[in-house]
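Note that the chains take the letters A, B, C, D and E in the order they are written out, and that residue 1 is the start of every chain.
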Amino acid sequence: MIVSAFDLVLCLTLVWLAWHVLVSPDLFRAVVLFISFGLLMALAWVRLLAPDVALAEAAIGSGLTGALFLSALRRLTPGRRGERRVDRKEGGDDEGL
Amino acid sequence: MIFSPGHVYGLTGLLLFIVGLAGLILCAQLLRKILAVNIMASGVFLFLVTIAHGNGVLIDPVPHAMVLTGIVVSVSSTAVALALAGRVQDMAHCRDLLKKKARGEG
Amino acid sequence: MIRLLLQGDCWLILPVILPLLGALLSFLLKKQPRLPGVLGALVTFFASAALAWKLVSHGGGRYYLGGWQPPLGISLRADGPAVLMVLMTAVTGLAVSVYAGGYFQSRINKRGEEQRHLAQERSFWPLWLLLWAALNGMFLSADIFNMYVTLELVALSSVGLTALSGKPASQVAAMRYLLVSLLGSLSFLLGVAFLYKVHGSLDLLAIGAALSLAPAVVMAMVLISVGLMLKTALFPFHFWLPPAHANALAPVSAILSGLVINGAWYLFFRFWQGVLPLVGEGAATLLAVLGGVAIVWGAYQAFCQQRLKMLVAYSTVAQIGYLFIIFPLMEMGPEQGAAAVFYFVISHSCAKAAMFLAAGTLFLQVGHDRISDLDGVRQVLPKTTFAFALGGLSLMGLPPTGGFIAKYMYLSQAVSQERWWLVAVIVAGSCLAAVYICRAVAHILSPRLVAVAGPVVVAASMEWSALALALVAMLLGFVGPLVLHLIEVAG
Amino acid sequence: MIWHDWLLVMILLSSLGPGLIIFSLAESSRASRTTLNIFGAVTKMVLVLVMILGIYRGHSFAVHFTILPGLELVLRADPLSALFVTLSSILWLFTTLYAIAYLEDSPNRSHFFGYFSLCVTVTIGIALAGNLLTFLFFFEMLTLSTYPLVVHRGTAEAMAAGKVYLVYTLAGGILLFIGVVWLHAMAGPVDFSRPGLLTPLVAGHGTTLKIIFYLLLAGVGVKAALFPLHGWLPRAMVAPAPVSALLHAVAVVKAGAFGIIRIVLDVYGLDTARTLGLLLPLMLLSSITIMYGSVRALSQDNLKRRLAFSTVSQVSYIALGISIGSPLAIMGGMVHLVHQGLMKITLFFCAGNIAETLGIHDISRMNGVGRRLPVTMAAFTLAAMGMIGLPPMAGFVSKWYLGLGALAQGQGWIVWVLVLSSLLNGAYFLPILYGAWFKEQEGEWPADSGTVGSLESHWMLIVPPVITAVVSLLVGLLANSSLSPLAWVRFIVRTGYGL
Amino acid sequence: MRACESTGHRCGRRLGSLLSLVMLAMLFAALAWGCLTGGAPSSGLGQSVDAALHDSGVESRVTAVLLNYRAYDTLLECFVLFLGVVVVWSLRPYRPQHPDPPIGSILASLVRFLIPLMVLVGGYLLWAGSNQAGGAFQAGAILGGAGVLLLLASSPLLHVLPKVLLPGAICLGPLFFLVVAVGAMVLGGVFLGYRRETAAIVIVVLEAVAAGAIGLSLAALFRGSRPEETSSAQARTDALTQEEGQE
C-alpha cells in the first residue's frame, strides 16, 4: 500500500482535532471535538486493516467515553453555560500535574 | 527510505502522544487533562496498530488484542478520573459555600 | 485436585487468583465485607508462603498460562527476587489486613457515623485485595504487556484506596496521583510498543536475551524508565507522593508506601537488570545521582514536617533514593548488588508499613498527628510507639534490624568498589534519617506526662499487627542467609 | 560440651529476659519487678562465675551466628572480656539494688528498669563480642538503650541533654560503621582471636589503615569521652544517679574504653599499630584529655558535673596505658578499667545519696555533710582517695603500673602527666572532703528526708556504696593476691598477648 | 504593583510553557528517530498466531489471541473494569447530583426502538466474532451503549434488573471467567488451558458472559455512584464540615 492523499489528510485532521480539543476555550466544544476525534480514529484503524479495533474504538473509545465526558461536563458545570466557572475554580487546584 | 503508511500513521501516533502530553502538562482544567490523557492513549494505540500493520502483507493480531485491552482499560480509568474530578469539584464548591456561610455569620 | 496441588505448577498462579476471588466475595457480601477480606488475606498469605517454600525446595520455574509457550502466550516466572517480593507482600499484606479489621471497627466505635465508615470499609476490602492480586501478578509476570495491565490495576486500585478517606486533601492528592499514574502507564505502554516493534515478542526474557542498543530500544528504555520512575516517585517525580500517602487512611498509607512503590520499582529493576551491561556507566550514574538527591532532599523535607504521617511519607521519598543508587554498584557486582537492594526493599517495606500503621493508631487515639503534641503518648499505647521506634531504627540502619544488614551490604559494596561519593550519600542519608526519626521518636517516647490520655479507643489488633510487622523488620536482621538463599534461586 | 556453647547466650538472656518481661509489667507491680531484677542480676553473676572458672581451666566459650554469608556474629569469652563482664555484672547488681531504692515512688519505673536491663545486656554483649562486627552491633545498640535512661526525668534539660547525647553517639556510631565496613572490605571479617590479620596489609595499604584506625578511634572515642568528643558526658548528668553510675562506671564510657583496648590490641595488634605510628597520637590525645578533664573539674560547683569531668580524665588512663604499649603500662590501663569503675560508681552512689537524702547538688552547700551522712561520706572519702591515687588505694596501683610502664618504654614525660593529674585530682577532691568533714553546717539542708530508724538513709541506698568502697580499698590493698583484678590482668597480658 | 507582579507571573508562565513545548518537540524528534531508524522491524507474531489457530478453537485471529493465547490479559482486564466500578462506587458525591433533565418524548420512543436493535447488533457482533471482526468487547460496548441510553431515558426497563442484584451481576463476568480458568486448571492441569475439543464452546460461552459483564460494567461506570446511595448524598455537605477538621 502506498501512502495516499487520504491517509495524509486523515492524519493531519487527527492532529488538528487533538490540538483543538486541548486549546478550544469552550469545554463542551472540546468534548464534541474529542468525540469526532475518536470517530476519525476508527477510520484510521479501518485504513490500517484493523476492523476489530475500529469497531471497539467507535463504540467504546468514542461513544462511551464521549458520553462519560458529556455527563461529567453536565455534572461539573451546574449553570447552563458554566464554562468560565470551571475555568476559575480548577485553575488553582492543580498545578504541574 | 520509502515512506510507507506505517511511517505516516506511526508518526501521527507519536505526535498525538506528544500533543496529549503537552495538554496534560500545560492545561489547567482537570477535565482537559483527562481529555489529554485520552488523546495520549489514542496516540499509543495508533502506534501499536501501525506496528501490527507492518508492511500490509500479514497483519499481526497481537497488537490488535493489546489495543482492545488498552481501550477497555482506558475507558475504565477515564471513568474513575471523571468521578474523582467531580468530587474535587464538588469539594471546592462545598468549601465555597461553607466559606460564604461563615462570612455571612461573621 | 490433590494430585494437582502436589505436582506444583499451580502454586505460581494461586497468589494471583486467591485475592481476586477474595475481592469478588468481599464485594458481594457488602453487609459483612471484613470476613471474606481477612479470610482472603490469610489464604493469600499461605499461598505465597507455600510458593516460597516450593521455590526453595524445588527451584524456580516458568508457568505457561493456557499452555501456550511464549512468544505466543503469556508466561509467569518464579525466581528468587519475584518470589521474595510476593512473600514480602504477603507478610506486610497480612499484617495490614489484620490491622484494617480493627481499624474500621475502632473508627465506627469512636466516631459513630457508622454508615460512612461501613461504606469505606466496604470499598476497602475489594480494592485492597485487587491491589494485592495485581502486585503478585506484576511480580510474577514475564510478559511486558501483561505487566502493563497489572500496572493499571495497581494504579487504579491505589487511587481508589487513596481517595477512600474522603477528606478534601486526599481527593486532590488522589486526582494528581491518578494523572501521574496514567501518564506513567502510557509511557510504559509506548515503550512496550517500541520493544515489540523491534523484537516481535512480549516475553521479557526473550527480549532480554536479544537486547541491543538500537535507537528504538533506547527510546523504549527511556520511555519505560521514565514511566516507572514516575510511579516509583523518584526524585524529580516525587511531588505527588507525600500528599497521597499522608492523607490516606492508615492501612492505605501502609500499603502505598510499603508495597505499591516497590511494585513499580521492581519492574524498573527487572528492565534494567538486563540492560545494565549494555548502557555503561553514564546512565547508571545518572540514576544514582537522582537517587542521592532524593535521599537528601526527602530527608530534609521529612525533617521540616510538623505532622507525623507527613514525616513518614517524606521519609519514603528519601528511602526510594536507596533503590536507585544501587545501579552503579551493580555493574561490578550484579549478584551482590541485587541482594543488597532486595534486602533493602523488604526491610523497608516492613519497617515503613509498621511506621504508618503505628502513626495511624496514634492518630486515631489522639485525634491528630502533630508531632510536637504527641508527648507522652507512650504511656497510652506502649506497643504502638515501640513499633514506630523499631521501624525507625530499621530506617536509620541501626542494629539489630534488617535495615542494618541492608546498609551494611550497600556500604561494603560502595567501599570495596571505591565509590566514595556513594559512601558519602549513604552516610549522609543515614545521619539525616537519624535526625528526623529521632525528632519524632523523642516526642512519642518522651517520658513527659502529658494529658493525651483518655480511654484507649483503638483495637488490640491494631497495636499487635504494627508491632508484629516491626518485629519482622527486626527479625530480618538475623535471617540474612535465609533471605539471600531465596534471592539467589534462579528462574 | 553443649552447655559451653550456650553459656554465653544464657549470660545475655539472664538480663534480656527479665528486661523484656519488666517492659510488659504494670507500673504498680513493684514486687515482681524487684524480684525479676534481682533474680536476673544474681543469675548473671552466677553464670559469669561459672564462665570465669571455665576460662581459668582453659575452656573456650564461643557462639557463632551467621547473619550474612561470610559475616558472623561471634560471642567469645577470652580473659579480657571476662574482666569486663565480671565488672559489669557485679556493678549491675549493686546499681540495681541502689536504683530500686532510689527510684522508689517515681513514675515510669517499668520503662526505666526495662531499659536498664537492656543496657546491661548490650554492655555484656560488647564485652563478649568476638569480632569487630559483633562489637559494632552491640555498640550501636548501647546508644539506643541508654538514651531513654538519660532522658528519663523528661524535663526540658534532660531532653536537651538527650539530644546532645544522641548527636554525639550516633555520629560516632556512623564513623565506626564506616571504619568497620572499610576494614571488612580490605581484610575480610576481623576476628579478635586472630591478631596480626592486618600485618600483611601494612606495606601496601598503610595510609588506608591509618584512616580506618582514626575512624574507629573516633567512633569509640565518643563513648570513651576522649578530648574533643567528650561534650555529651557532663550534660548527661541530668539523668538519675543510678543512670550516671551506670553510664560512667559500667556501660557507656567503659564500653568506649574497652573498644579502644580491642581496636589497638586485637584488631591492629601492638606491633602493627606501632609500625603505623598510631600509638603516639593516641598517647598525646589521652594525656591531653587527662589534663583537660582535671582542669575543667576544678571549676565545677555541681557535684555530679565535677565527677563527670573527673570521669573524662580518669577513663583516659585506660587509653593512655594501651597507647604506651609496654606490658606494665597495658596492665595499668586494663586494671584501671576495674578500679575506676569501682571508685566512680561509689562516688556517684554517694552523690546520689546526698542529693536524694538532703537535696544537695552543689559542692558549696556540702559543708558539714559528714556529720549527717557519716557512712556515705566515709565511702565517698575512700573512693576519692583512690581517685587521687594515694597508696595503698586502687587508683595508686593503676598509676604506679602506668608510670613504670612509661619509664620502661622510655616515655618519661608520662610520669609528669601522672603526677600533675594526681595533684589536680587532689585539688578538686580534697576541698570536698575537707568541707564535708571539718566545716560547720550552714543553715538547713534544702530537703532533708529524715533518717530511717538508726540509719542515715534507706538501707538499699547505703549498702551498695559501702560495699563498692570497701572493695575498691581491698583491690588496692590485696593487689598482689591471686584473686585481685591485677592478677587477672597479668593473666590476660601473659596468656592473651604473650607480653 | 500587583498588576506588575501578575504580568511578571504571566510572563514567567508563558516562558515555562514555551520551554516545555520546546522540550516536547525534542522528545518528539527523539521518538521519531527511534521509530524511523534502525533496520527492519520484526515480522511480529502473525505467523505463529496462524500456525496455532487450528488449536485455538476459533477462526478469528484476534479472538484467538484475546480469549485463548493471551486470555490471562483479558481476565485481568475484566477485573480492571470491575475495579473501575468499585472505585467509582466508592467515590460518593459530596452533594446531590442534579436530577436528569426530563427527556423528550421523541427521544423516549426512539430509545424504546433503539434498545432491541442494539441488543440485536450486540448479539450479531458476538456471533461474528468467531470468524471475523467483532467479539466480546465490541458486543459489550454496544450493550453498554444500550444501557447508557436506558439510563438517559430513565426507562422503566431499568427495573428489569433489581438494584440489589446489580453488584452480583457486575461480579458475574470476572467470576465466571475465573471459574472457567480454574476449572480448566483442575481438569486439565493448566490455568486457562482449555482442551482443544472444548475450546470452541468454552470460548463462545465466555465471550457471551464477558460481553454481558462488559456492557453492564460500562453502563455502571456511566451511572456513577452506587445506586442505593444517591439519596444519602444530601448529608455529605454537613459531613464535610467535620471532615475538614479531622485528619
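To be clear about the criterion, contacts are C-beta pairs under 8 Å (C-beta built on N, C-alpha and C of every residue); 3 or more make two chains touch, one makes a residue touch a chain.
All figures in this text were calculated on a predicted structure; none of them were measured in a lab.
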Problem - Chain labels contacting chain C and also chain D - result: none
Practice task
Count the smallest number of chain-to-chain hops linking chain D with chain E, moving only between touching chains.
Solution key: 2
Practice task
Identify the chain pair with more contacting C-beta pairs: A-E or B-E.
Solution key: B-E
Problem - Most central chain, judged by mean C-alpha position against the global CA mean - result: C
Problem - Where chain B and chain E are represented by their mean Cα positions, the distance between them in whole Å - result: 14
Exercise for the section: Return the distance between the CA-based centres of chain A and chain B, expressed in whole Å. Expected result: 9
Handout entry: Gap in Å, rounded to a whole number, between the CA centres of chain D and chain B
Key = 68
Handout entry: Centroid distance [mean C-alpha coordinates] between chain C and chain B, Å
Key = 27
Handout entry: Contacts with two or more other chains, residues of chain C listed in rising order
Key = 145, 149, 152, 156, 159-160, 163, 168, 172, 175, 179, 183, 190, 196-197
Completion exercise
Residue ranges of chain A touching at least 2 other chains are 52, 56, 60, 64, 68, 75, 78, 93-94, 96-97
Practice task
Can you check the complex and tell me which residues of chain C touch chain E?
Solution key: 1, 4, 7, 9-10, 13, 17, 20-21, 23-24, 27-28, 30, 63-68, 71-74, 113, 115-116, 119-120, 123, 126-127, 130, 133-134, 137, 145-146, 149-150, 152-153, 156-157, 159-160, 163-168, 190, 194, 196-201, 214-220, 222, 247, 363, 367
Fill in the blank from the handout: Within the complex, chain B is touched by chain C residues 145, 148-149, 152, 155-156, 159-160, 163, 168, 171-172, 174-175, 178-179, 182-183, 186, 189-190, 193, 196-197, 202
Fill in the blank from the handout: Listed in rising order, chain A residues that touch chain B in their complex are 1-3, 7-8, 11, 14-15, 18-19, 21-22, 27, 30-31, 34, 37-38, 41, 44-45, 47-50, 52-53, 56-57, 60-61, 64-65, 68-69, 72-73, 75-76, 78, 86-87, 89-91, 93-97
Handout entry: Residues of chain E that touch chain C when the two form their complex
Key = 30-31, 33-35, 37-39, 41-45, 48-49, 52, 68-73, 76-77, 79-80, 82-84, 86-87, 89-92, 167-168, 171, 174-175, 178, 181-182, 185-186, 189-194, 229, 232, 239-240, 243-244, 246-247
Problem - chain E-facing residues of chain B, complex - result: 1, 7, 10-11, 14-15, 17-18, 21-22, 25-26, 47, 51-52, 54, 58-66, 68-69, 71-73, 75-77, 79-80, 83-84, 86-87, 90-91, 93-95, 97-98
